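You will see chain A twice below: alongside chain B first, and alongside chain C after that.
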Partner chain A sequence: MIAYIVRRLLFLIPTLFAGVLLVFGIMHLAPGDPVLLLAGPEADPRIYDELRQQWGLDKPVYIQCLMYLGNLVRGDLGTSLVTGRPVIADIGAYLPATVELTIFALFLSVVVGVLLGVVSAVRPNTLLDHATRTVSLLGVATPVFWLGLLLIILFHLRLSWLPGGGRIGVNISPPRSITGSYLIDSLVTGNWAALGSSALHILMPGFVLAFAQIARVARITRASMLGIVGLDYVKAAKAKGLKESKVVSRYILRNAWIPILTMVGEVAGTLLGGAVVTEVVFSWPGMGRYAVDSIMALDYKAIVAFAIISTALYAFINLIVDVMYVWVDPRISYS
Partner chain B sequence: MKRSVRMALVLLLGVTTALAFVAAAYATDLVYARPSLGTKFLDPHQGGNSGRYQNLNLVYDTLVFSDDGGTLYPLLAEWWEASEDYTQWTFQLRSGIVFHDGTPLNAAAVKFSFDRIVGIGNHTVAQWRYMGKDSTIEVVDDLTVRFKLSKPYPLFLTELVYACYGIISPTAVQQHATAADPWATEYFSSNECGSGPFQFAEYVPGERLILAKNTKYWGGVEGVKCAAKVDRLVMRIVPDATTRAIMLQSGEVDIAEQLPVDLLGQLATAPGIKVEYYPLQAFAEIQFNGGKAPFNNEKVRQAISHAIDVDSIINGVERGHVLPMYGVATQGMIGYDPTRQRPTYDVALAKQLLAEAGYPNGFDATLIWATERRAEFDLEAVLIQEYLGQIGIRLTLQSLAWSAELEKQLNADFDMSLMTMTSGTGDPSSIFDKYLAPPHPAAVGQYSFRWVDAPPIVAELVEYGTTIWDPATRQHLYAFLDAVGTAAAVNIPLYQIPVAFAMRSNVHGFVYDTLRRACFYFVSKD
Partner chain C sequence: MQGWRRQVRRIWRKPLLVVGILIVLGVLVMAVFPGQLAPYDPFKSNLAHRLEPPSKGHWFGTDPLGRDLLSRVIYGSRVSVITGFVVVFLAAAIGSFAGALAGFYGGALDQIVMRIVDVLIAFPYMILAMALAAALGPSLINTMIALSIVWVPRYARMMRGQVLQAMGSEYIESAKALGVGRLRILVRHLLPNCFEPVLIKGTLDVGTTIMYAAALGFIGLGAQPPSPEWGAMISQSRSYILYSWWYTTFPGFAILVACLGFNLIGDGIRDLVDPRTAKT
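So, the complex of A and B:
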């Protein structure tokens, strides 16, 4: 198993390499000149040249790409043209917010999605099943920005139950950074005000991000379980007089986990990508917003870094899912 | 189970109560929602977008300041003196002023700040980045500094008003400088050390910047700049306009900016909220690629100027909240002539002019714009397409990213463009230079919307304007130039852009001046 994990991690290197090449190519095909954008159209040519040289843009694209890869190996992602700070520092500031939101949304998606799917599969074609499927359909069909604004109007403006956006209240300083997650860090440091505030702030964006994915998980759970319900060993278990809850949890759900797990891997990737709109609507200071701002400013070092991080995270999630297959189904082996 | 639910409820109640107490402790917070802080938002000497000027004026002071009417006031300088040929400018500094790190303000700090502009040398709008290479600064004594310019510059004081001439603490810069970054640009991209009425308190990337009241502020100049009235200014980054509007309605924020026209209309009638408009020295316009046929034909440009009912754009899309605009000199700027008239909306005359220009059946053209410059352009482009269709000009509409539009302009790769234009310093010289002066021989790119075939005397008069100081003479000169440019339909000015701020009714004294300075130090809250 360890050899398999190491092999998969090694495969990540050419994947990242291809990602960098692709993003570099697209960036240089896109119209616009980042130096012109910052220096202004009537800049002194000396300053313009100096900036192009400083950012390495005076060299051919393949040299720029090679230089970037060389710096990447040393862990240097360059300096952002927009923030003036090292890109790695920016990512350190923005990535934890996205990861925290994504994990929270993933947790919601899996717990609620599997629950709804089980309920739906156990009582097929009943009112409960129809209701669950309707909610699932709504989840897939509802645009994230629309649902987000609707919830802000309801829970923030009308009911005043939840904050309208941000990650923590303005009167509360973020907790001392240990993991970058406000929830975990405030819990670990015993900062209860920060914990309460950050918990209230993550509820709406987390739910909105999870809503569509709850539907996907619920549908795959239902379909996967319905394919197993009629099998002989389930009938035998029922015939033995086992409790229905035991039959569902031990005999049906356990064997339905493989497709659900595959879906969870996909959902995690979608959540990472889908966080962009949610982050904008809920003023969540994450990587999605950082990427959008960087693209608008043609801040290519930040854009490439975003692509690398996204690719790595996606590949890592897939690896975790593959490893979990073995745990869920002992018949699977990577030896 | 029930017990644990009860426990959770008690805990939630406790946390909520604690939060309420914490909130009460900051009763004089002013919370301001904006889509971004701008690039390199706390360093006056580095380049960046215009959004950051709202921050710089709050934490830095300049030698000279101006009010909304353009009247100059001494700020850090107590008085100044110019030599007769405008090459030497001497400033006497006020005594007893300290930077936020406690370093005293003196002549050496002023020289250091101007040297830093030249030293950083990249993409700041400060003209000193050029002038400073050939000019010298002399520290006469502890509180006297003299600028010796390489050529006469009567408008030097007007230039120094700009926030990019904020004076920074040399001690703080030296403290954070490294061998690779001798001017500490990385640190000051998101930190400051000026002497302004607010000072840095907290920055959470992507979420907020908190500025605290500088309790040791020297006092400022009455009616122009003063000590802050609120304890903290919390700038919240809220990228979505609808979310900003909702947060304002709920009271979570006190002031919100950059709201689209339809939301502003709703907020104006909402209880407890007011919407205020502040004129900017900026305007929206249609630009022509003056070097390309058929737009190099004056009659074609004039025909277009008569074919568009600009008032319908102002009253329809903009709902009457913008100011009419008949030239490139905006209201409040030297050269503005209130008696000037807009070309009449006259389709028959437009058709006649187009026929006289040799295009009786019209022609095909493309109109480009960037929504990120102004959201209302999306609708206005459609209206313009309709109007020009009436005289046979078949417009293709093309919405671009700002970077792509800029590149097309500089490569003269466009027909017509919907744009916003602003005068950086508020002085007419910079704006007239863009339209009526010949291209700068040394510049990297060139604005292709210039009046390419302007008579040479026009360019000479534009140059002359930068060598005189007398306001009355300059008023006559620029009003004349504006009339000449308008008659030639060099561009079609649509309207002067005001900036709208929606705020809670209990917020008083907010001023946003024509140089894009949000003067939060005047603001108080009931």
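So, the complex of A and C:
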């Protein structure tokens, strides 16, 4: 098992390297010029050349790329052209917010999605089943950013029930940083004001990000369970007079987990992508918003770093999913 | 003729598929004849009528330049439909071709193609699309290229699997035994038989692509103003959400409906082809 995990983590390295090459290559074939953008079209040519030299943009592309990879190995992702700080420091500051939002949405997708899926599989063709299926059709077709704005109009601007953006109220100081998650940190330190405020702030973005994924998880749960409901061992369990709740949780759901877990891995990737637009809509101070700001400035180092970190996160979540297969189904082993 | 009629009857019995077909037909008509359908010029500003709520004169209201939103949404369908079809066509063509060659010839070629596919698939696709579109610079064409690159590996992997599966079947064996050339086997026998899943995936992906293109438009990549692109319109509406709900609502509703239409068709075709999935 440990050998398997190590092997998977090792495989990630060449993948990320190749990814860097790809984005780097395309970025340098593209016509945009970050120096021109920052210095302005009327800048003194000497200043322009100096800036190019300073950022190493005067060297051939392959040299730039090799230098970048060399620095990457040493954990140096370069300096942001916009903030002037090391990219790794910038991302370090924004990453916890993204991780908190994504994990919250993932949790919401799985818990609500599986619940809805189970209920509609147990009571097929009831009102709730039809409602779940309709919501899942609509959910997959609803743009995240649009839903976010509509909910802001309704719950923030019209009803004033929920805050319209940010991670925590402006007049409340964030909890002492332990994990980087405001929810967990304020809970651990007993900072109830911060806990209440950050919980209210994450509710809307978390739900918006999770909405389509709840639908996907519910759909796959329903399908996976319906495939098992008719099997003989389930009939036998029912015939023995076991309670329905026990049959559903211990006999059906246990064997329906594998396709659901596979879907959870996919959902994680979609959430990481969706987090970008969600962060923009809700002014959530995360990595995605940082990336969008970097795009406008053609700050390629920040963009490449963002893509790499997101991919590593995605790979990590998928690794956890694969490890969980073994836990869910003892017949699977990686040795 | 008989078989054709039976197909139509089978489609007719799937109400959701029919709804999907009707929606997509509607969207296509809008995309092809925007000039005939739109009540106003989508680019003409009229500052006397800025940010008006929906009314008899302007069903969807107007934007901050007084442009008619219904007309802009109708013209926007053209951008979205073209993006959806071009991206899926490019990705399916390139991906299927690469995947078919990899599966058919195997060896080093297979290794190279599949390793590239592995790398591309390791990225969450919205993030890869963002990074590529950003690298290429914000424009509609670049967004299409970026999204195509993101979809290519998925088609390549699928086509390779199909070809590998079909290679073991008897009709290929007999073609080989008859001395048919390798290229002819690939083009005339394998590809036509492996195309069905690509078609289904393609239909589903048009909807998804429209959604992703809108998301890229929303964060400032993709079509640039004054081009009426749905995602960009929603992005522009953000500064006005305090007093004009219609400006945000209608372009987004258009994305939802278009996306839903393609998804319904994709699901429906999949059920027709493989009735086992129908109950999901």
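Keep this in mind: the second predicted complex is superposed on the first by the 335 of 335 C-alpha atoms of A that agree within 3 Å, B and C clash if a C-alpha of one lies under 4 Å from a C-alpha of the other, contacts with A are read in each partner's own complex, and residues count from 1 in each chain.
Keep in mind that, in the parts below, a residue touches a chain if its C-beta (ideal position, glycine included) is under 8 Å from a C-beta of that chain, and two chains touch if they have at least 3 such contacts.
Nothing here was measured: the structure is a model prediction, and the numbers come from that model.
For the composite obtained by superposing both complexes on chain A, the positions of chain B and chain C are in clash.
In the superposition on chain A, contact of A:Ile13 is made with neither chain B nor chain C. Of the two partner chains placed by the overlay, neither chain B nor chain C lies in contact with A:Val73. With both structures placed on the common chain, the touch criterion links A:Met296 to chain B and to chain C. In the superposed pair of complexes, A:Ser173 makes contact with chain B only, with no contact to chain C.
In the superposition on chain A, A:Leu149 contacts both chain B and chain C. In the superposition on chain A, A:Ala239 makes contact with neither chain B nor chain C.
Touch criterion met: A:Leu157 reaches chain B and chain C at once. In the superposition on chain A, A:Val280 makes contact with both chain B and chain C. In the superposed model, A:Ala307 lies in contact with chain C only, and not with chain B.
Chain C runs into chain B after superposition on chain A, and of the options 257-265, 329-337 or 347-355 the stretch responsible is 257-265.
The residues of chain A shared by its contacts with chain B and with chain C are 30-32, 145, 149, 152-153, 157, 280-281, 296, 298.
Listed in rising order, the residues of chain B touching chain A in the complex are 12, 14-16, 18-19, 22-23, 25-26, 29, 31, 36, 39-40, 43, 46-48, 121-123, 125, 129-130, 185-186, 189-190, 202, 204-208, 210, 234, 236-240, 242-243, 246-247, 249-250, 252, 372, 400-404, 406-410, 440, 442-447. Touching chain A in their complex are the following residues of chain C: 115-116, 118-120, 122-128, 130-132, 134-138, 207, 211, 214-215, 218-221, 231, 234-235, 237-238, 241-242, 245, 248-249, 251-252, 255-257, 259-260, 263-264, 279-280.
Interface residues of chain A facing chain B in the complex, by the touch rule stated above, are 30-34, 36-45, 47-48, 50-51, 54, 79, 81-86, 90, 93-94, 97, 145, 149, 152-153, 156-157, 160, 163-174, 192-193, 195-197, 280-283, 285-286, 289-290, 293, 296-298. Residues 12, 15-16, 18-19, 22-23, 26-27, 30-32, 137-138, 140-147, 149-150, 152-153, 157, 219, 222-223, 226, 269-270, 272-274, 276-277, 280-281, 291-292, 294-296, 298, 300, 303-304, 306-307, 310-311, 314-315 of chain A are the ones that touch chain C when the two sit in their complex.
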